[in-house]
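Sharing a structure here in structure tokens format.
So that you can tell them apart, the chains are marked A, B, C and D in the order they are listed, and the count of residues begins at 1 in each.
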Amino acid sequence: MDALAFDLAHLLAGCLVLLSFTMLYQDRLYALLNVFALQAVALSLSVAWQAWIQGAPHLYVTAAIALVFKAIIIPVTLHRVVAKLGIHREVETVVSVGPTMLAGIGLVALSIVVMLRVTVAADPLAREDIAFALSVVLLGLLMMITRRNAVSQVVGFMSIENGLILAAAGAKGMPLVVEISVAFSVLVALIVIGVFLFRIRERFDTVDVAALDRFQGERR
Amino acid sequence: MGLIADFAAQGAQMLLVLALAPGLTGLVRKAKARLLRRRGPPLLQPYRDLIRLTRKEVVLAENASWLFRIIPYMIFAGTWVAAALVPTFARGLLFSWSADLIAIVALLGSARFFLTLAGMDVGTSFGGVGSSREAMIATLAEPAMIMIVFTLALLAGSTQLSVVAGFMLSPAIGLRVSLGLALIALIMVAIAENGRIPIDNPATHLELTMVHEAMVLEYSGRHLAVIELASSLKLLLYVSLIACVFAPWGLAPLRAHFVAQLGAAAIYVGKLAVGGVLLAVFETTIAKMRVFRVPDFLGVALMLGLLGALLLFVSRSL
Amino acid sequence: MSIAIDGLGLILIVPAASAAALALISDYRLSARLNMLASFVTLISALSLLFSKSEPGPYLNVDDLNIVFIVLTALVGFTTSVFSASYIGHELETGRLSPPHLRFYHAMYQALLFSMNLALAANNIGVMWVAIEMATLTTVLMVGLYRTREAIEAAWKYFILGSVGIAFALFGTILVYMAARPVVGEGFDGMIWTVLIERVSAFDPALLDVAFVFLLLGYGTKVGLAPLHAWLPDAHAEGPTPISAVLSGLLLNVALYAVLRFKLLLAANPGALAPGPLMATLGLSSLIFAGLMLYRRRDIKRMFAYSSIEHMGIIAFAFGMGGPLANFAGLLHMTMHSLTKSAIFFAVGHIAQVKGTQRIADVRGLTVTHPVLGWGLVMGVIAIAGLPPLGVFTSEFLVVSSTFARQPWLALPLVAGLLVALGALMLRLQGLVFGEPTPDVAPSQASYAPMFAHLALVFVAGIYLPPPLVAWFQHVAGLLG
Amino acid sequence: MALVVCLLSVVALLLIAAIALLSARAGRAGPAVYAACLAVSLIGLAAASTHLLAASSPSEIIAPLGLPWIGAHFRLDALAAFFLVLVNIGGAAASLYAIGYSRHEAEPWRVLPLYPAFLAGMNLVALADDAFTFLFAWEVMSLASWALVLVHHRDEENRRAAYVYLVMAAFSAFALLLAFGVLAGPDGGYAFAAIRGHAPSPLLAGLVLALAMVGAGAKAGLAPLHVWLPLAHPAAPSHVSALMSGAMTKVAVYAFIRIVFDLLGPVAWWWGVPALAAGGITAALGVLNALMQSDLKRALAYSTIENIGIIFAALGLSLAFAGDHMAAASALALIAALFHALNHTLFKSALFFGAGAVLTATGARDMERLGGLIHRLPTTSVAFLVACAAISALPPLNGFASEWLALQAILLSPDLPQWSLKLLAPAIGALIAVAAALAAACFVRIYGIVFLGRPRSPEAAAAHEVDAWSLAAMIGLAALCALAGLLPGLVIDGLAPATWSLVGARMPEQAGIPWLSIVPVAESRSSYNGLLVFVFVAASASIAAFAIHRLASRALRRAPAWDCGFPDASPLTQYSAASFAQPIRRVFGGYALGAREFVDMPAPGEIRPARFRLELHDLAWEHLYQPVAGAVAFAADRLNPLQFRTIRQYLSFVFFALVLLLVILALWA
């Protein structure tokens, strides 16, 4: 494993984390979607690179899925959703961006501390990947809980999934990665469909999750 | 032979208390009257009353039950048996083993139980007044009595009256605080139990104050006679109880000679007379207290009894 | 995957095939019968597993740990299909469902059974993950079946929370693989359970710890441990009652089973931190939280959903305490709870149909109008409250007494939680079955057979446990350490 | 052999329950079921009493049930045999009574299947010899009685009573469960034989003692855990009330004795202190409350609490003696406790039967609506009177015999070395004496208001005597009360094996003593002869009656009551239950019951009526139960909003849980 491979993988993984931050930073839905598409591209690149250096052809499938499905189809669909449902364009935040960013930095630090401490046995490449993947996951979750409307939550969830795929690809020689990524894509697809077609629209005039929650299990 | 003698002694004692009881009541009345500068009824007046009552017909309230009619005899029997168990002039009587001090207290308690029931049977308001007040007094007097029994039993190591009396005779007994407390408590209890002033006034029929009289208000004729006899028996019982515990001198020992027993009987009558006069003096010197001050009076008795018992419990190890 | 057509294969193939077939049949009576038939065949083949010992394959394996759960799943799946066959017709009449929905429902039912059987029988942690995700998706679709606002709300909540949980579980799985790789080498072996458990002692403990955190939170979300429980009450309350029964009776067990698998790993690794305290804490919090939440419930199904949370808490606590007694109790409690709770949901389904409402306040005096149903519910609730002569008592007896003997200060909150929950359950039960009865809206057609079958099993187990079962449990309890 | 018979009788009872379950709706199943229960109870009674009187050695059976690796242990020793006798006497009497009484039951199918199960549960508790079986039977007993309390479930009050009862029953079961957990140890030696093997450390022993006090006490009605009892016992049908008060509370006493005397190993002197104190306080408090009730059955339930208090006080004394190696004294106190338990079963069952008869005859439980029933219910009134006299500890009945033994035991306590006991024993003695006196007052009140005087309502005026079965049960129990009071020696000798097995001593042999007296320690110390006292009283009473009737007049005339010259028509001018209790309430009520009187007396000339209002507070309810319930309600209210959060907030819970755990991991090593 030569230095270039390591650096490149490192760089790509770092890109994903960076893009997650950028997503946290966005306050416009369209921009958010674009950044997400970008992250998907970065993901597919890094997966492809992993496929190259690990010599694992099946990872190319995963990369392809990431590229086609998440970099193109999903963002486009979500653009249409936003347009169709006439969601107001800005992202409604619970916590304002500044504190969110700080929290995100804290999360990245946490994940690096945890992961680097525990993966001494694994090879350095895997360590970096896992650490970055964990931070991407945490940032995605942070996004889900600090954003109000469904689209941005879906995006947050998908970035969590990006992190997972990154980790799966980084884990050298891990079997079933393709199956797993496929399964996940199904999940994501269902969520999007749920937002778009799957009855949400015919019931609610907004996909603001708060509206979904207005019925709170039991009427008080 | 011995057994027959024992039976004779026992029977003699029972008849003696029965014969003396009205006399004691009469004595107290007489003494009180004299102290009040009245001539007062003759000593034998109670006997006359009893006989006259037994001759009269019974006037029974319409809704009086069978219980109402048998209760007088039960009261009388209970009191009489209790009185028979107290060593009056002789110790170690035949049946003294059949019941100890606690049993005597309980016998009196059962007499009271039925008396209070009788008060409620006809369903008049006065009966209820008497019964409920009697019950209230009993709830304090009986525990006090039990505490006194504790004290004596702990001193003598027995709840058998004969043994207690014997112990009191023995030189082993010195002057004891607990005994003093017990004596005072016993006197207070005796006053309460017999419905004497200051607890109750046997001579009154003033509705607000009467207790015992209110319960027997509906009785008449022989029933009333039996009840009156029973109450004077009770008075006698308490006087002789105090006498045999705190002044046990002159008690004839077990299976004593006939003459000795006669002498003892004479001494006993003397004791009774003294006790009766003392009671009369006490009653004339103080006034009747309100019904709801009675608990304080009896509470004092209970506390004294408990104190006496506690002192003994603690001092046992010293 | 290549699967020999033995019992192991059948429990997967039969549901899968019948799911496909049911998706095509439109007549709901026929499909309901087919549903029952398929579940029955599954049950038979699951029972056959008891007698045929098969070698662990790369994907599938049957061992002492999962055999009991496979049989239990097949059994409850069968009884529930019987119940739903008699239940679902009524829904059609009242117009809450339409024939296409029913077609979908039956297909999904078999798909759910398939995925649960797969998750249980999987010898590969990746396969297990995929199967559990499938189970999640199918149940989400079924919870949303009624298309009421509430149903969609519940389904959506379940979906989002479940997906996040699934994501965590996947991350944990990846970490486990990474921990395994240095020891067992790259490739398939790194995910095959039987291999992992043999070599686990050499794994890097620190990595296992992190992995277990993710797995516990991930699968724990599916188990419904507080504070990850939020999806559970609504999903139970808004879906069709047979699905509520399957959810409480089976799916929670499957998720917990997954947690147990990984607990086995940690238990077998000397260096790893003991997972016990973590599970015990989560369990205790779930128990007390759910017990208190029970008091303010107004919806019957939601109340019993909270009681499921409570019992999952008890089970997690038992496994967290560890030791042969507590583990035995935990396994027993899992079995008893799934039988009892599904029986209770059967009864609740009847009640909802007869009285036309799920509001506790609108149902009274059942023992007067429907003695069989009412006393059946009484028996079920008594069982779930942990009172004899029913099986849950045995397990709670073991949990409490063994805990108190070892850590008294832990037993006190445990007992307090149990008492609080019992108080709430009994309070509501008295309101439901006693007092002046409320009028019916419809006659009850559904059959009582499944409910009483379950209760009979629980009753027998409360008095007499068959030695083979005990042997299984004791062996597994030994493994769980 | 006897053990087998007892187990078979349990099985038979369960079978009866099953049959009743299947055939209960078939109309007239009631008498048959109760007759069957009666037969089985008598068989069990015979078996247990033969085992007890023959003083045969304990026998054991292990059935392959319950916990698989332990099995269900059953054991019949003297103690168990005695309590089986007790339970089965109660069961037989109740069944006999119910053969007639059950005809008035509106929904018999709610009672029939549960009644035999209740009996079976009580029998099984006494037979159980391992913790699991014990608690199993214990809970079955509680559940069956809970369902029986709910027979008249349409009444809101009854539902509430049943709920409180069930929660308290579960509480007591959990307490016992924890106690057994300590005794059994971490590796779960739940068999009593194994537990007897090793004695726990003093600290653990104290823990077990506390738990046993709480667990058994809560079931038996020991203050301050007694509050459920006066709610639940009256709510059930009367024959069940009788069983609950007469038998079930004794089963709780049995649990206490079994754990503390038998399983807990060598006794320490201080074990007696809590039981002694709690017992004395319970006795006084219970009877005071009983005096204040106007509901007949509730008053009886409170008096049950009083008797439980006396029993526990005697048990505490016995523990103290045993701890100081005064075996004989300990045996005396234990005998007093057991004897009193037996007596309470006898007279309390009879009293509840009487209350049931009054209920069926008049439909009223409120004493203020009763009166004059001695004319309408002649036989019932006799049996009830005997039971009242017995529970008021009047010689020569059985209540006096056992309380006399208890006082004798207290009189031995000065020999105890510990100062705390020296001070406590006489104080408790005083409390018990007060309780006895109050009990007499209480039952004078009950009998006087219900049976004597004039009827206070038309129902009472039109009452009719109940059926022969009920009367037979009441008369039989009254006869047993008299018998046990006249020949206490037989009971004491019968109990000797139990005391042998528990404290290693017994009271002196009573059978050989002349005139059938009983002598606790030595004749010079104290002796009592119920038979002789009875003969005396009877003889002198009849002599007096005979003499007067013979020598003086026997004339008798009926006339209106004189009443001091104010004959009044209305029965309402009689003393009522409340007014009878008023003096005692003024004396004791202020402290013990928080009794408050509010008199609103209009000034002269005003026309508005004067008003009198009375407040009674059950302090345990207000200071123990309500705070706990309030705390739970508060927590529930605070937590409830968590049901109404948004998905995002739920997600954030998950998120924070994850972050927390990760941080912990990061800080771990």
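One rule holds for everything that comes next: a contact is a pair of C-beta atoms (placed from the backbone, for glycine too) under 8 Å apart; a residue touches a chain by one contact, two chains touch by 3 or more.
Every value quoted in this text rests on a predicted model; they were computed, and no experiment measured them.
Ranked by how far their CA centres sit from the centre of chain C, the chains are topped by B.
The distance from the centre of chain B to the centre of chain D, with each centre set as the mean of the Cα atoms, comes to 35 Å. For this pair, chain A with chain C, the centres built from the Cα atoms lie 31 Å apart. Here the spacing of chain B and chain C, counted between their Cα centres, is 79 Å. Separating the centre of chain C from that of chain D, both taken as means of CA atoms, is a distance of 44 Å. Those residues of chain A in touch with two or more other chains are numbered 114, 117-118, 141, 144, 153, 212-213, 217-218. For chain C, the set of residues touching two or more other chains reads 156-157, 160, 164, 206, 209-210, 233.
In chain D, the residues that touch at least two other chains are 643, 645, 647, 651, 654, 658, 662, 665, 669. Contacting chain pairs (ordered by label): A-C, A-D, B-D, C-D. The touching residues of chain B, when paired with chain D in their complex, are 54-67, 70, 73-74, 76-78, 80-81, 84, 95, 97-100, 102-103, 106-107, 109-110, 112-113, 116-117, 119-129, 131-133, 135-136, 138-143, 146-147, 150, 153-154, 157-160, 163, 205, 207, 217-218, 221-222, 225-226, 291-292, 295, 302, 306, 309-310, 312-314, 316-317.
Here chain D touches chain C in the complex through residues 64-69, 109-110, 131-132, 135-136, 139-140, 143, 147, 150, 153-154, 156, 159, 162-163, 166-167, 170-171, 174, 177-178, 180-182, 184-188, 190, 207, 632-633, 635-637, 639-640, 642-643, 645, 647, 650-651, 653-654, 657-658, 661-662, 665, 668-669, going by the rule given at the top. Against chain B, the residues of chain D that register as touching in their complex are 371-372, 374-375, 385, 389, 392-395, 400, 404, 407-408, 410-411, 413-415, 417, 419, 422-423, 425-427, 429-430, 433-434, 436-438, 440-441, 444-445, 447-449, 452-454, 515, 517, 523-529, 532-533, 536-542, 544-545, 548, 551-553, 555-564, 566, 568, 571, 573-575, 579-584, 586-588. Interface residues of chain D, counted against chain A in their complex, comprise 643-649, 651-652, 654-655, 658-659, 662-663, 665-666, 669. Those residues of chain A that touch chain C in the shared complex are 114-115, 117-122, 126, 130, 133-134, 137, 141, 144, 153, 157, 160-161, 163-164, 167-168, 171-176, 179-180, 183-184, 186-187, 190-191, 194, 199-200, 203, 212-213, 215, 217-218.
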